[in-house]
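First up is the structure itself, then whatever we jot down about it.
The first chain written gets the first letter, and so on, giving A, B, C and D; residue counts start at 1 in each chain.
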Amino acid sequence: MSIEVVGLTADPERLGYVFGGREPVLTVKPGTVVELATEDCFGGAVRGVDDLPSRVCTFPYLNPVTGPIAVEGAEPGDTVAVHFVDIRPVRDWAISTTFPHFGALTATHTTAMLHDALPERVWRYEVDVDRWVCRFQARSSEFSVELPLDPMHGTVGVAPAANEVIMSITPGAHGGNMDTPEMRAGTTAYFGVNVPGALISIGDGHCRQGEGEVCGTAVEAAMATVVVVDLIKGATTPWPRLESADHIMSTGTARPLEDAFRVSQHDLVGWTADLLSLDILDAYQLVSQAGLAPAGNVVDTNYTMLAKFPKNLLTTTPYADIHTRLRATATTYLSQR
Amino acid sequence: MSIEVVGLTADPERLGYVFGGREPVLTVKPGTVVELATEDCFGGAVRGVDDLPSRVCTFPYLNPVTGPIAVEGAEPGDTVAVHFVDIRPVRDWAISTTFPHFGALTATHTTAMLHDALPERVWRYEVDVDRWVCRFQARSSEFSVELPLDPMHGTVGVAPAANEVIMSITPGAHGGNMDTPEMRAGTTAYFGVNVPGALISIGDGHCRQGEGEVCGTAVEAAMATVVVVDLIKGATTPWPRLESADHIMSTGTARPLEDAFRVSQHDLVGWTADLLSLDILDAYQLVSQAGLAPAGNVVDTNYTMLAKFPKNLLTTTPYADIHTRLRATATTYLSQR
Amino acid sequence: MSIEVVGLTADPERLGYVFGGREPVLTVKPGTVVELATEDCFGGAVRGVDDLPSRVCTFPYLNPVTGPIAVEGAEPGDTVAVHFVDIRPVRDWAISTTFPHFGALTATHTTAMLHDALPERVWRYEVDVDRWVCRFQARSSEFSVELPLDPMHGTVGVAPAANEVIMSITPGAHGGNMDTPEMRAGTTAYFGVNVPGALISIGDGHCRQGEGEVCGTAVEAAMATVVVVDLIKGATTPWPRLESADHIMSTGTARPLEDAFRVSQHDLVGWTADLLSLDILDAYQLVSQAGLAPAGNVVDTNYTMLAKFPKNLLTTTPYADIHTRLRATATTYLSQR
Amino acid sequence: MSIEVVGLTADPERLGYVFGGREPVLTVKPGTVVELATEDCFGGAVRGVDDLPSRVCTFPYLNPVTGPIAVEGAEPGDTVAVHFVDIRPVRDWAISTTFPHFGALTATHTTAMLHDALPERVWRYEVDVDRWVCRFQARSSEFSVELPLDPMHGTVGVAPAANEVIMSITPGAHGGNMDTPEMRAGTTAYFGVNVPGALISIGDGHCRQGEGEVCGTAVEAAMATVVVVDLIKGATTPWPRLESADHIMSTGTARPLEDAFRVSQHDLVGWTADLLSLDILDAYQLVSQAGLAPAGNVVDTNYTMLAKFPKNLLTTTPYADIHTRLRATATTYLSQR
């Protein structure tokens, strides 16, 4: 098996702050392995506990994404698949912070209140890739604890529909900043194509994050990431979907959070009905008893919920089993690296 | 008093479907009167009860706006003022419709449900500008009733911040499709400037609409509209504001609807504190007892609420009394027309 | 015309803090005029700017309501009408306050955040019934301004369905603490009956309030109030409705606020369809163009929106024109007082 | 170790449909094992696919709970613990249904819309306790699949505060119908005490449910359940909490769903800060990176979210390690049964 492998650095000219409206920095054939570098959501400007992001970062130059990558032959009405082969922190430290008026447990610009902002605080995590852990160090006490690495990308998506250009921090039907821990190595993400080439961008690597990304940032890190990019002609995907070894997953991104839940469940019910040849009410019933519903983010300009269904209940494979083929490509690639 | 008056037609090359990302079609000096034409939200394609919008309109070519108009000297950090002098339906008919999965009392793409869409139905209103009425004719019975005209623009705004390009049907901090009946002749709208020239676009004229725009569309009409466009240097306006003869008004646009309410009230409390030299809690108290809070739209991709405060309780005038000067310009213009 | 008039004091044994679960303190025939006294929402314990409610009030003994009043013959499936004849502050002062973690622009117990509470502050208004004004006095400056009186009751309702007992501060399908300025003299309120006698309670008088009751309290006052209580056999009323000289109004109480909006508009569309013999889509259309949608409260444990429709567009009268008869009773009563 | 064991049947006189307002049917000492029977949410009235719940059930006699059980010595300001030892379906069948205007993907009474209800449909599951599975049988096709049993109780709680009486289908700060799959055997649930004796009621057994309980009902079954009931004097618990072998969990119940999320995360952050002696921002940070956030229910009159934190990161045990002692009691009980 011959695999085409290309690289994509995170040089400033390859970073964007929006989805849509940008020319591709790389064009690949379906099935290509892309080794890409991503910066952290602060653009690398926060390096220690005294680097308050409100001082060292400049809106709207936050949350850089690497790309966009055009996929040859991708047209509106198709689906692109992004299979994560490897996501690996490149520094021995990572950063998390509170940020004024951002997060789930603070007044924000849309949940507008008369409170002053919560204090802005930076946490610097030590990252040990060999031991596959990162270390939380409390700022107000000596407490410290190791957490397992579970690297993932908060921001993955394609150019939006309707000629829109959307900030990289805003998730939506095009993907973007969904901030779900499920976007880890071994997972395939599916996106509906809105423009020729699809124009995939990836960024916002996290050493790990909790569900909901409660304080607004995860353990943010620059990443060396490997993906396989592929194309499924003629398959529509209205909202981003994920597939892991064990689950198919629909995402929903909206406000209020119950609408994000509804979107994700509605998509999963329809998808499951298709895969099991059930009518919609039977699929609704089965998803209701067998599904999982974790939060993605409840902090960004839109919220994201996931709806998960166990693959062992399925009798057919989604998207003609592309996930299995992409895993095979990943295995070959890793064995040759 | 000499007034500069320019015209702007609704030719296809002057219509856009987004805010942001477009070059100006007209550049004017502050204080200029602009006579502009706008198409209806269907682009004029729905002319009778058999023209179902899902058949005769093509997404995303909905809700055309005329513009953008650049204002000389407008820079980020400034505010532009758009004073509505006259809004006049140009045809003797207007259209309202339900639209599949759009509206407040139907499942939508984000309030996703398993229901089939409600029936798509078109209502054609007779418009009599001389008598200043439009006529509702029921589709399922002989019932018919005249409603007073109260023409307004659903969509008014500027280019968004952060290099975003946003569909004209989506309201936000840049204005856009707020769909409030307060955007009528005699009102001044204020927008914070995000890009040089501000880039004002206007569309979506309504012969009238109820608060909330419940079914998703108003009495939609092409308009001959006259505005005065002006510039307030060095004044920031975080969310669109309105001023009428009797009220100052803050808008808030967000989901869920209570966040739209919070944004509008938060802005009004701060604005009132400034205008009355009150501390924020005193302003919070006074707005709580004297304010009004009507819905704008509860159907679009974002919802809009208004927060109104009576001007007779104010001791100073907002934006250095530009509203009074714009009304004087309007009076002069109308007397010379 | 002979009118039966009975009195009801606000003695502690006639005050309750819940809807449901209490025996009637008065039983009246339909058509009876009731002269009743109500305490303010603080139970009269806050008398000056140093009486912080969190110190002088004791949860759950807040927001006392006078009643319940049983209506002879009222059974589940009927509707009771409460027509407000007169609402008159009984003291020459009234109180408004912020309260920790209560209000629209603060973190609350359900919109839970890590912020400390906003400062608790008391405003004491001078009330001049002769001149029909109350005076706002800023706490942090010399600013002072008179506001017109517009007396109303924040809390009016009946015993809930399903054997529930609900705190008087919580609005719902049974009415309760809807906090809409529309509940003023001249208005008739309609409630569906859930238990024999209906069990009406009234409290929480306001000298006036803005829409939304933004800071969480209005200009709170003890009231001398006169109502006519009546019964409409066999008429169901799923959510509280109001009728004034000019409008019929449906209320909706729920969270998020768009659900309160949906409930109110859904009820108004159905009601209008009935009154105009329209099918539901024609009524949806007409309400969308002719209706108003002000906020009631956006601060209580449930939010309330109103949906208003102008009576001059109706061809029949709601509830067999009981509003007109109740106004006649009110006129007779007032002429004899 | 001597264990006191008492039984409690599900006779009609021991079933209630509310939390609060009822006398205890059993009073136990702290540490008592209670073997109790519960009916399913339909009161056993739905036995086959032709028993539509809207016909065979009568509102408000839905969702019966067994109890209330008074705990000797429990006073407001204390916490009661309910440890689930065993939950076992008692019939060889179980039921799930859609129900008109109830569920996450349908218009409801509060998310009010003009759609007709979705079809009402009943699914009858075969339950095999020996093999610990239940079988889904599609209604519109031959498809059938086994799902593992994961028995739990949807409804567990205490009498509410403020003299309220709340329907058993409504979750809140008192617990009630939270509908989380985490309420399974091996879990301890903690509730703040609002009235003397606490007055615990339990019902709504599910053979299993997905997160969110999307269609509105789970695999509903009558249960033979064993709990240990205990008392923690002087410990307050503002919202229900759970503890399993691996996680501590806070619940939040509110609308919109982001408020349920906020409540649960706010409680978990405070709880974690206490257990790790962290300041609140350090706890906010740690929970953000290490927590899980699954949906409980997104269908009931209030929504429930969970916030989970891994116990292996804790340095102290919650509630003085009562969970370990209750598990020991459970082990002893099971060895003696």
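As a working rule, a residue touches a chain if its C-beta (ideal position, glycine included) is under 8 Å from a C-beta of that chain, and two chains touch if they have at least 3 such contacts.
Values in this document were obtained by computation on a predicted structure and should not be read as measured data.
Interface comparison, B-C against B-D: more C-beta pairs in contact at B-C. When the contact pairs of A-B are matched by residue number against A-D, C-D or A-C, more than half turn up again in C-D. Centroids built from CA atoms put subunit D at 48 Å from subunit B. Chain centres here are Cα averages; for subunit B and subunit C they lie 33 Å apart. In subunit C, the residues touching two or more other chains are 105, 111-114, 118, 255-256, 258, 262, 265-266, 269, 281, 284.
Subunit D contributes residues 105-107, 111-116, 118, 256 to its touches with subunit B in the complex.
Interface of subunit C with subunit B (complex): residues 96, 98, 103-105, 118-119, 121, 123, 136, 138-141, 143, 145, 147, 208-219, 255-258, 261-262, 265-266, 269, 276-279, 281-282, 284-295, 298, 303, 305, 307, 313, 315.
Against subunit C, in their complex, subunit D makes its touches with residues 17-18, 20-21, 59-60, 109-114, 161-167, 252, 254-256, 259, 262-263, 265-267, 269, 280-281, 284.
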